[in-house]
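Here chain A shows up in two complexes: once beside chain B, once beside chain C.
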Partner chain A sequence: MKKRFLGGIIFSFLFAAAVQGYAQELSVDQIVEKANRAAYYAGKDGLADVRMTITDAQGRVRSRQFKIMRLTIATGGEQKFYVYFNEPADVAQMTYMVWKNVGRDDDRWLYLPALDLVKRIAAGDKRSSFVGSHFVYEDVSGRSIHDDTHELTQATDTYYKLKNIPNDPKGVEFSYYYIWIDKANFMPKKAEYYNSKDQLIRVIEAVEVKDIQGYPTVIQSVTKDLERGGETVMEFDNIRYDIGLTEDIFTERYLRQAPAQWIK
Partner chain B sequence: MRGLVEYGIRHAKIVVGAMVLLTIIALVQFPRIKVDTDPENMLPADAPVRVFHHNTKKEFGLYDYMVLGVVNERHPQGVFNTETLAKIYNITEEIKDIKGVISREVIAPSTKDNIEQDGTGTVRFNWLMPYPPQTEDEVARIRSEAQDHPFFKGSVISDDGKALAIYVPIEKKDMSYRVSREIHKIVRKYAGDEQYHVTGLPVAEDQFGVEMFKQMAISAPLAGMIIFFLMWVFFKSVLLITAPMILAVMTVLITMGLLIGLGYPVHIMSSMIPIFLMPIAVLDSVHILSEFFDEYPRYNDRQKTVRLVFGELFSPMLFTSLTSIAGFFSLSFAPIPPVQVFGVFVAVGIALAWVLTMLFIPAYIMLLPEKTFTDFGRPHTEEKPHLVDRMLQFMRRVSTERFKAVLALTVIVTLASVCGIIHIRVNDNPVRWFTAGHPIRVADRVLNKHFAGTYEAYLVFEAEDGKSEIFIEPQMLRYIERLQAAVAQNPDVGKTTSLVDIVKKVYSELLGGDKRNDAVPQTKAAVAQCLISFENSHKPDDLWHLTTPDYSKANIWFQLKKGDNRNMSDVERLVDQYIRENPPPFAVRHAWAGLTYINVVWQNNMVVGMLKNFLGSFVIVLLMMLVLFRSPLKALISMIPLTVTILFIYSLLGFLGKDYDMPVAVLSALTLGLSIDFAIHFIQRAIDIHEQKKNPQETIKEMFGGPGRAIVRNALVIAIGFLPLLAAPLVPYKTVGFFMFMIMLVSSIATLFILPAIISISPKTFLSGRRGRSDSL
Partner chain C sequence: MAAAVSAVSVFSPVPAQAARPSVHGFSEFAYGVKVSDDTTKRDNFNLLEERLQLKSNYAFDGEGYWARRGGTLNFKGDFTVDEYFSGRTDFELRELNFSWTPASWMDAKFGRQTLTWGTGDYLFVNDLFPKDYQSFFTGRDDEYLKKPSDAFRISIYPAAANIDFIMAKFTPNTTADGDRVSFFDSLQGGIAGTNSDRQLVEPPLQLSNNEYALRVYRGLGSHELALYFFSGFNKSPDSYKDEAARQLFYRRLDAYGASLRGPFFGGIGNAEFGCYNSRQDSDGNNRLIENSMIKFLSGYEKDMGDDLKVGFQYLYEQRLDYDNYTDNLLAGDFIFDESRHLLTQRLMKLYKNQTVTVSLFNFYSPTDKDGYARPSISYDLSDQWKLALGANLPWGEDDLTEFGQMKKNKNVFFRARYSF
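After this line comes the complex of A and B, so read on.
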């Protein structure tokens, strides 16, 4: 199968599903599939300014400012991401690129302008931090819907609640997680991660969802580390869909030389 | 004041009843006991170094660590085999579940991230040991990656590969004993070729507290039993010698009850109150019993004998108590809260012991059945003089007939002692409070042999303005790099870890893992980009153990192989010297945190404070002697045996190379208070006797009778009574035993040789003149 599932609500701003009304009597697989589309595959492509505010357990605040571009190659399948950092000043012009693959590990690149170095980063483990925030890499690229076994635990008038148990417990820090999916638009609203002692260790929430160019889009999301304390807020601005991004931007050449057309 | 004794004689039952009641009230307080075994509390909670230590721990997310060392000497690859690593993996998992362990911050192969090469041009962030390795290849990879990582090398794995350490952070230090026991319980399940050791300052400190209380329950009663037996040897009447024992127990119970009742926690210091109070409480009673035993047969009337004995002894007993009180009360001026509490309560206990002696001993004697005293007392016609008497006669002859030789010897011993004192080394280390064979000491030795060091200290640099991002400036990082290289020259510094090590590691891995690139990058942006790359790992927060998110502060983690205060002080001096000689490129200030460093600070306070106290109380005792003897000459002479004793005992520390540590510092008060006692008794009684006899030779002769016997009996009872402490498994107990033994022995010998020798120079000058204070009371 070629679809990935949530984890990455954070990028759901880019995606809005063409979900028509709501379906009754959906199977778990159908719900998962629809949610995946809603969260990840809105528009053919998309672009946004992102402000990331990282607050640690001591209340110390750091921020990151970057532009993110996404191009869908195959709906429900391959995608490409390009991240260009504006702030902090010392990391300005740093770029980060992901090719989300199907059936094999993603490809990741990092360009460090101060070292004039393009580095491939092995994607063996996707649970590592995204540039020091409380979001992990898998939140960015999306967790494959085949990595978990899904179970519908609750369906109310407004949402579905799914329990997701990883098929391979090695290498993930949680034992299972719940996800709440809005029945109206199939946007994942919240995810809660539990450890083996059934303690809630991590929460991701779509704080604000807005309609942009007809796609329901997350414009603010937050992840909280309940084990250690601290949280990261992501705010999305200047969101545009279907602007005609081309595949050549998502290549190593543009890592060193950001596409001026899109990066001001 | 003598009314006390009269009251005791006349209202014996009321006195005893009141004592029992008081003791019961004190006992009722005991369940409220609060125990505090944290040496950090040697400093007030608002002491700058403690405040800084706590802020540093908070700011850099540091904890007090215990260390579990796993050693495999049997397998050719050491711990690097699938079996041992699997055990380590499982043990780590179990340790994380112990209550009080901060599981997210456990440092072990399975909990730490690693940056490594993954094929050409690719770096990979991976847990060092995400699961127990199945193959030799995986084992070899873990080993080489760990050796190559600044977090692991020397800290988590030993350079010889024989040992692996798990660092266990705990929420509070006072949990460490319990946590260490739970760790021991876990590792027992994984027995095999591996040896397991647990150490670290928090464990040593907390376990010491636990064992201290146990030891108190063994030592105090044991000393009591031996004292009881020795008194029986001298006085033969079980009923009679029970009195001092009851008195000692009541003194201890009431004092401790008061301390607990007033809400003071029982600290390591105050747990030693019983062992200090017992000999002091017994001393006066032995003087009384000794005289009572000698005099009773002469009158065969206990009331009369009691009055007579108390008449003779009242004044010396008052002053010996007052000097001891002064010695201990002076501790209340020490800048160390637990020492203040200790000093005040021992002083209160001594006062109490004195009052009890005046009230209770007469009452007790009066309440005994008449038949107890049949055949009681020292037979006046003895065929063969008793050993004690023969000793005394020998002393008398030597000190009077060869007084010049005695005085010359005194001068020589004093001068030699001064030489020894110069060699005294001030040093302490809570781990060394345990004897060499104790598991904690063994663990300390084994782990510090294999690893970079189990003693931690933190050197924190901070931008002078408190905000500049100077710790990503390559210049500043290279400065820290050079500082780290400079301190590595000290063999006790096993390892230092700083932001520089992370930057260099990430930089060289990004550049392909080539060792030639093991350097600080050229620009600030390059440093920042290395760090943000590091933040892509599983544990980006590890960065904030070494710097703050605004890069205005940096923390250098020192691991020392030795935790002695002087080792820490050496490192501190080395750093100060380096910074003085090599000014940093930016305006920074630096300060230390960490338990190893805190111990240095309170010890310095203690040594300086104790020395001041000691000199102060020396003067106070001298003033008291002036009041007592109303003669500057006699007052000065009374101080001679005390001075010789103190110099001699402390010189032994210098000669034997025993460190001047916390217990030794505290014992100076006891030494001062007890060493003067025999001199007071001797001079006071000599003046009294001379007043009656008007003959110096007769006076001296009589002095080596009753009063001399009291001194020798006392010295023997206490000195031998405390000898078993030398076998205690805790070093401070040995120290107390050694001091008690030496104080009694040396001060009695000094008194019985030097004072008669001085008197012999010119008997009239020293004995005649006004009587002492006793008749005016």
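After this line comes the complex of A and C, so read on.
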């Protein structure tokens, strides 16, 4: 079964498995697998308020506020996401849904309330910006762990450092990236992306990680575009795991009408 | 690696906020300069207006029945000052409805609301809800292509499929009337402006003139299958009630169709079919009433990466009983073709962290020898300010085709919007 990985420090807030602390003699694949689960698969389901602060190279600031819900269908595999936008005003009440698939493109829908229009979004490019931020779609839904070849380059007392080289260099803006994984809980703490000239072009960092209901959870993360300038800070609030979300929430019914039980 | 403990806890309990209605909306200035001559009311522009949109909703709170049933009151209204009509002020109620969940497997919405379904991009086969084509051709935001309906919508969700049932009061499309937008008026024998003197007769407001629309849909893996049924009126006046009195009317129309949409060759593919039964001329013998018709639409959209999206559509339309139609024409009648092929193309590219959108939408009909180009560029100055510049460029060899008749309405528009 294909499994997804990193980039997605960001949504890892919801997702982190309670992991046994002492992991010795783990293979690279085991580390990657554990980190993938820690970053994306905490709890059966979860919900959080997200605030994104996007600062462009000229220092202009924009913000996004949305509520996100996530349901895991298969641990390490399929998941469903639901996003409800609160701000800015011109996208308020817009909803967005992703079915993260395994072995094929994700399914994405967008609902535009002004037109009462349910749009199907071509999955296509996972390296394009998520809602105008410096995070990319793949940071959100996760990069398949089979898309890269992983190599353990360093292991200290506190973290593993992995080098990841894309199997298909076409369609990605980086040549390779490093990732630091916390040995204590397998949470990815930082990722650095390099171009073919070995220049650092992009950094994602989990600035603050907290324990929520027993799951290590990213409370704040930041990504910096070192090529063009600009950064996005993402903050999570009101995080709740295992609240009993059901699969029917992730359908056109609730895309058109946000589930009042969860979205106020 | 121990997580740093922040001094300020972000988990201080926040008391649940009471459902207080908040007001959002925008204020907008729009100006559309005309770049072709016709005989409408004004030569220089066909759009010049200020608009204030306010929207709000109130969700019932507490333990009462409506709170438990998710009762929500929704409002959206537009105040406009229309300089095209010398500063005429107007208010358009775009939404005033009450939505609730009568049962776990059912949703309901009663009141004024926007209704949309189907799979087309600017092309509609089974979406027979009201549209505003004047807005579309003069450069208002896409939102205004859809006109709200006064309707009662019930959606039910049994296991096998989902069902939408809509009962609505008849609302006509806003089509070219010669005042603002010129069009082909057969009573004038060509493209007409203010000289158009036709009368549009709406069906009287009575129960038997209610419209009904039904959609049954379900997912098939990643694909969506839908069946449609509609019984009501054709919302554009294309048939004659009394030729001598220059009266046109909205003929009765029944339609049924189906659509399929889903992943296709790395993009999204869609196919939709519709069969229109012109009930007052079902055999096609009446030269004054438009014939029955079939429509087939297919489309494909793909994300090319780097924030570039492309889309293509093909629409085929065919008048049924065409021989009966031509056999019954009188000398001097205009003849419309039996079939029409229409192609569309959408190109959309985003720049600068998705704050700049460059878009080109093209309609082209090889059979009608006409088309319509919609280039635009918009820029999100901030979360509040948005600027848009674009053009509406319909063209055509003939005067009576869908886009050819609009060719004198070419404009270049500018909009500035402040959202709050």
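Please note the rule applied: the second predicted complex is superposed on the first by the 263 of 264 C-alpha atoms of A that agree within 3 Å, B and C clash if a C-alpha of one lies under 4 Å from a C-alpha of the other, contacts with A are read in each partner's own complex, and residues count from 1 in each chain.
In the analysis below, contacts are C-beta pairs under 8 Å (C-beta built on N, C-alpha and C of every residue); 3 or more make two chains touch, one makes a residue touch a chain.
Computed from a predicted model, the values in this text were never measured in an experiment.
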item: Combined model on chain A: chain C and chain B, fit or clash; value: clash
item: Contacts of A:D90 with chain B and chain C, given as first, second, both or neither; value: both
item: Contacts of A:R60 with chain B and chain C, given as first, second, both or neither; value: both
item: Which of chain B and chain C A:K183 touches, first, second, both or neither; value: second
item: Contacts of A:E227 with chain B and chain C, given as first, second, both or neither; value: first
item: Chain B versus chain C as contact partner of A:V209, first or second or both or neither; value: second
item: First, second, both or neither for A:N167, with chain B first and chain C second; value: neither
item: Which partner, chain B or chain C, touches more chain A residues; value: C
item: First (chain B), second (chain C), both or neither touched by A:L110; value: first
item: Touching partner for A:R120 - first (chain B), second (chain C), both, neither; value: both
item: Location of chain C clashes with chain B - one stretch out of 39-47, 381-389 or 399-407; value: 381-389
item: Footprint overlap on chain A, comparing chain B with chain C; value: 56, 60, 62, 88, 90, 114-115, 117, 120-122, 124-125, 127-129, 131-132, 171
item: Residues of chain A defined as touching chain C within the complex; value: 54, 56, 60, 62-63, 87-90, 92, 99, 101, 104-105, 107, 114-118, 120-125, 127-129, 131-134, 158-159, 171, 182-184, 189, 208-211, 216, 219, 230, 237-238, 248, 251-253, 257, 260, 264
item: Chain A-touching residues of chain C, taken from the complex the two chains share; value: 1-4, 6, 10, 14, 17, 19, 24-26, 59, 70, 72, 99, 101, 107, 113-117, 142-143, 145-146, 155, 157, 162, 217, 219, 222, 224, 261-263, 266-268, 270, 301-307, 309, 350, 352-355, 380, 382-384, 386, 417, 419-420
item: Touching residues (chain side chain A, partner chain B) in the complex; value: 56-58, 60-62, 88, 90-91, 94, 110, 112-115, 117, 119-122, 124-125, 127-132, 137, 170-171, 227-228
item: Contact set on chain B toward chain A in their complex; value: 58-59, 61, 104, 113, 118-119, 121-127, 130-131, 472, 507, 510-511, 521, 523-530, 532-533, 535-541, 543-544, 548-550
